[in-house]
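Quick one: the structure is below, and I'll ask about it shortly.
Chain naming follows the written order as A, B, C and D, and within any one chain the residues start at number 1.
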Amino acid sequence: MIIVMKPKASQEQLDHLIEKIKSLGFSVNISKGKERTVIGVIGEEDKLRVQPLEAFPGVEKVMSVLKPYKLISREFHPENAIIDINGARFGSTDICMIAGPCSVESLEQIRTVAAAIKKLGGKLIRGGAFKPRTSPYAFQGLGEQGLKYLAQIREEFGLAIVTEVMDTRDVELVGKYADAFQIGARNMQNFNLLKEVGATKKPVFLKRGLSATYKEFLMSAEYIASRGNFNVILVERGIRTFEDYTRNTLDITAVPVLKQFTYLPVVIDPSHAAGRRELLEPLSKAAVAVGADGLMLEVHPCPEEALSDGQQQIVPERYKEILESLQSIANAVGRKIV
Amino acid sequence: MIIVMKPKASQEQLDHLIEKIKSLGFSVNISKGKERTVIGVIGEEDKLRVQPLEAFPGVEKVMSVLKPYKLISREFHPENAIIDINGARFGSTDICMIAGPCSVESLEQIRTVAAAIKKLGGKLIRGGAFKPRTSPYAFQGLGEQGLKYLAQIREEFGLAIVTEVMDTRDVELVGKYADAFQIGARNMQNFNLLKEVGATKKPVFLKRGLSATYKEFLMSAEYIASRGNFNVILVERGIRTFEDYTRNTLDITAVPVLKQFTYLPVVIDPSHAAGRRELLEPLSKAAVAVGADGLMLEVHPCPEEALSDGQQQIVPERYKEILESLQSIANAVGRKIV
Amino acid sequence: MIIVMKPKASQEQLDHLIEKIKSLGFSVNISKGKERTVIGVIGEEDKLRVQPLEAFPGVEKVMSVLKPYKLISREFHPENAIIDINGARFGSTDICMIAGPCSVESLEQIRTVAAAIKKLGGKLIRGGAFKPRTSPYAFQGLGEQGLKYLAQIREEFGLAIVTEVMDTRDVELVGKYADAFQIGARNMQNFNLLKEVGATKKPVFLKRGLSATYKEFLMSAEYIASRGNFNVILVERGIRTFEDYTRNTLDITAVPVLKQFTYLPVVIDPSHAAGRRELLEPLSKAAVAVGADGLMLEVHPCPEEALSDGQQQIVPERYKEILESLQSIANAVGRKIV
Amino acid sequence: MIIVMKPKASQEQLDHLIEKIKSLGFSVNISKGKERTVIGVIGEEDKLRVQPLEAFPGVEKVMSVLKPYKLISREFHPENAIIDINGARFGSTDICMIAGPCSVESLEQIRTVAAAIKKLGGKLIRGGAFKPRTSPYAFQGLGEQGLKYLAQIREEFGLAIVTEVMDTRDVELVGKYADAFQIGARNMQNFNLLKEVGATKKPVFLKRGLSATYKEFLMSAEYIASRGNFNVILVERGIRTFEDYTRNTLDITAVPVLKQFTYLPVVIDPSHAAGRRELLEPLSKAAVAVGADGLMLEVHPCPEEALSDGQQQIVPERYKEILESLQSIANAVGRKIV
């Protein structure tokens, strides 16, 4: 921890602060420059970080040297985590596809998609039974009935189920049906929800919040890990910027940056990033090339009839074409689509 | 609803879309320009909005004409809502102060602040018992013990209690102690939580999400109202931008814009917006001048010892000075600080 | 300057860097923590800042301690600069109004506005002869003819002229007619233009760029000062954010922050910030309360006929009302509108 | 053009507006909904766009139907423009590399890089002689001497020269030496500079402004084209967002979106986007996969000695490795690196 004093900080202010720091068991290294004094604090930064040092008189700013997350940090785990869901190995050389409709709408709808995914060699299917919708008047999902349809699909096609949980009260219920939880972007800092899925052992797809920094995103993963669940897969799904032609702005750089900071897998969701189906193919290609460990794509048998996000879903035939276009890029980077 | 077709949309695509629209009970007004066709759809826009019209082939974009919220809309309630909490009348000519520490840390701490607020004529006190913290290792609040301290303060000083609820499972518990709920910025789109506080009758201070548009903010208020609770007070607390010298960027324009769109009161929280205590006085002055219905300010007996947000909290003496500086501006705009 | 090494930086990397720093005439203070080494560099930071220290192997980040601007810094000039233009004293207790149309369109148009401003006691008038327009097909300004109309107005009404210069080649020409230059937001980092107006003695209204940080804004003012012209007035005119209901987002906090960093005056332009005339009154009130040294407002005799920015201009009658509403707030903060 | 009236707009307001529209030679299509009236205006939208319709009483918003650029629009040029610079064909199946140092610092420095580029089969070299720097105290480039060094390099190695012009007064001078102009991000809306390079026939690399929307970016290209120069190559180089770990946020989606709107080539500059050399390889791979027509990469013989942007430049050996890693991805998408 480095503390920069204001240019006119008095000796009393400096002494008061140093006394406090020493009383907490830290040692200091004081560097008096021509214009201001800088204090280097030596000791376990984690313990100091919770102190309101910026509130002391005479302090201009406090700068952390270490990262605030540990359990999920690449520093302590040089090797990639490999999270296996139904044979799809996230974090390996596999590039794992998670396809399926935005919402589960009927058994027939989800069966049609499941059959297509299965035929294309897929191992996972996604679909929401509980839907976070901006408007209280929009379709809110089928709830437990949707989960039951998903369970039926798993039985029939052997696909693993990825589905969203958005309420701490539903973690147990959703956990009964799902093979992996999804935490949506709007819940990335719903800390109690993170703790609850952290108390299970099921893999969690954690979506980046609309305006979450890398650090905040990683801290939310750390929340889950701090409860004992290390099976966290990070999902970049676009951030909010001034550009509104696309639904969000895909931050493709998140992949190499996050993989540098953490040993957890990183997946890209181009459907939510772009919000426009004609962009899915180029963005998926970029995702594979940049090093993503997987892709989430919205596939619906008839987007014109979709109860949510129709404009960004693609039909199974189009999904097949995109998959095919990705194979050669995956090969070029020494990986394979599963 | 207005639908703009692509320049090369075919007659078949146009017919297919119009057929769908008519089958839903709407009528259309077709305007064929030189380069593209525009369809005006006539009928109840709310019912059409849930249809994925953008998913139809040939459609370039779909533009709403009406606002997607109704219950809280100024259009339907030309008069301000007046929400009375312990005699502070939000939405009237009162400018209502909500002061208190970021977190309840001990009975002594909260008593000291309560005594100061009471002495200055305050009617409300804020303080968090459940704290949403970015890090799992940071102080998470005293929980129910904190609520009990708050209840004791109410008993002793007659102040109404404003405190945060961040979990659907805690709404009942917090509701037992609080006079008003606070929904934090990170939970602005925790839709189930909105529904739960919407099912009570207690006033709700709803904070704007870090990257929420005005429309999204209002839709979250509509969620609460849609369950029958119209006692919603909107809180502008800064948005996330590229500028990081301040914790967030106070969007002061939100006050006149929101008050134009909704009849609900709008309050400003300069403490979270700025994150720096030396900015609280000028921002509070601006808030009063721009027409805010109240101010949330963080006051702590000893910010150096605070367990959260030390750098943005002020001591009661400083709070007193700020209050005094606001009175003349309040007078200038025909209002009074309470 | 503080240099944080990577956790696995080798001793060779450390030695190589320290040798370089010492060879430049600086001394170092090395602080070895458990996990990484931090180097404090002592000496004139300005000289070190131009070195690409981040390019050295083993370096994680380089943190500046001092501010990168000097000439305009509050640290070196505790007293406000007072910049007098035609008796309006920016930086004093005056709150100086700069009103006028977006563009000079005709002699009659600018005369009408000038007469109104004069009658209301104004001392300055603004109006663009060279217009930076997003589209090449939009009205680009009257050029020198517009400047001549402005000169005529000055003659007739005794108002000082504030007008934009957007090309290094026009500085001399515009300088012949103008009492003060305006540098538009899109030219805030047109560094050669800054140097050219820096080589004159005329006051410069420097508008903040759409996505300029405080530091970048101040560095642009430093550019002008570095050529000898200290008569710089900073203009906050809204920044670009995700919210697009308003044209930009007024960053009202810029006023107290900038005034803390620099001794130069700071003015607010609510017309460009909001882009909607109904918001001008509340935002102007907030600007006065927050401590702005002046206000730029667009006034046009007939906004329906305006050749640019019609929707944000107000008629002289409305301008008069706004002025009146500001007086009592100015009084409340011990200032007066001029 | 579509005009939405306010819910309480009067018949007089409607009539007044329609009269104005008709007087301009347009016809209208009026659609009276239950709550508000919508006017469709039929005729050449370009001519109407310059009218301040939003300034008319009773108008809520005005929505354009057509795009405001024409000359560079894909609609009117279904085929890609192919811009040939020294045999590198931008817009063809070539993926054209533009490598070189941030600044020209000495003949020796630029020769070393040129030799490396030549050996790797490159056809272009970039290097700045005029440098836009945030600080007036930073290295501002060698000016004409730098251009002379570049000319010498061209002579010796047969590489085409891409170099920045930042002042209207320098267009002729830079044009004497350069094979292609570069317009920097901070000058994307320096409209007079756009006009000046538009009056030449030389290719222009136009960089996207830090907070420019796609539309604004395209309008700046339209400025150049409107003067007769259609040889414009768009460069995505990262936008400003809330995330500051990287210098900017690469908006990779810009490539497919821009190519949908315009027939001009689109290039990616990962060096400025990331500002960190370890990210260049993954981002370059993503750029190739997404469909970019070229890549700009900063290469310096010794980044530790660089006079600007040391942390984002790579040595020639590393550049060679990156080039090699891109070939197989280029093949996978049916293109080749040149």
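What to note about this one:
As a working rule, a contact is a pair of C-beta atoms (placed from the backbone, for glycine too) under 8 Å apart; a residue touches a chain by one contact, two chains touch by 3 or more.
Computed from a predicted structure; not experimentally measured.
The chain pair with the larger count of C-beta pairs in contact, out of B-C and A-C, is B-C. The chain with its CA mean position farthest from that of subunit A is C. Distance between chain centres (mean CA atoms), subunit A to subunit C: 39 Å. In terms of their C-alpha centroids, the spacing between subunit B and subunit C amounts to 31 Å. The multi-chain contact residues of subunit C, meaning those touching 2 or more other chains, are 211, 240-242, 244.
Chain contact summary for the complex, subunit B toward subunit C: residues 211, 213-215, 239, 241-246, 249-253, 255-257, 260, 273-274, 278-279, 282-283, 285-291, 328-329, 331-333. On subunit D, the positions that touch subunit C within their shared complex are 20, 46, 49-50, 52-56, 68, 132-139, 166-169, 186-187, 189-192, 195, 210-211, 216, 219, 222-223, 226, 240, 303-311, 313. The residues of subunit A lying in touch with subunit C in their complex are 2, 4, 7, 29, 31, 33-36, 38, 40, 42, 44, 63, 65-66, 75, 240-242, 244.
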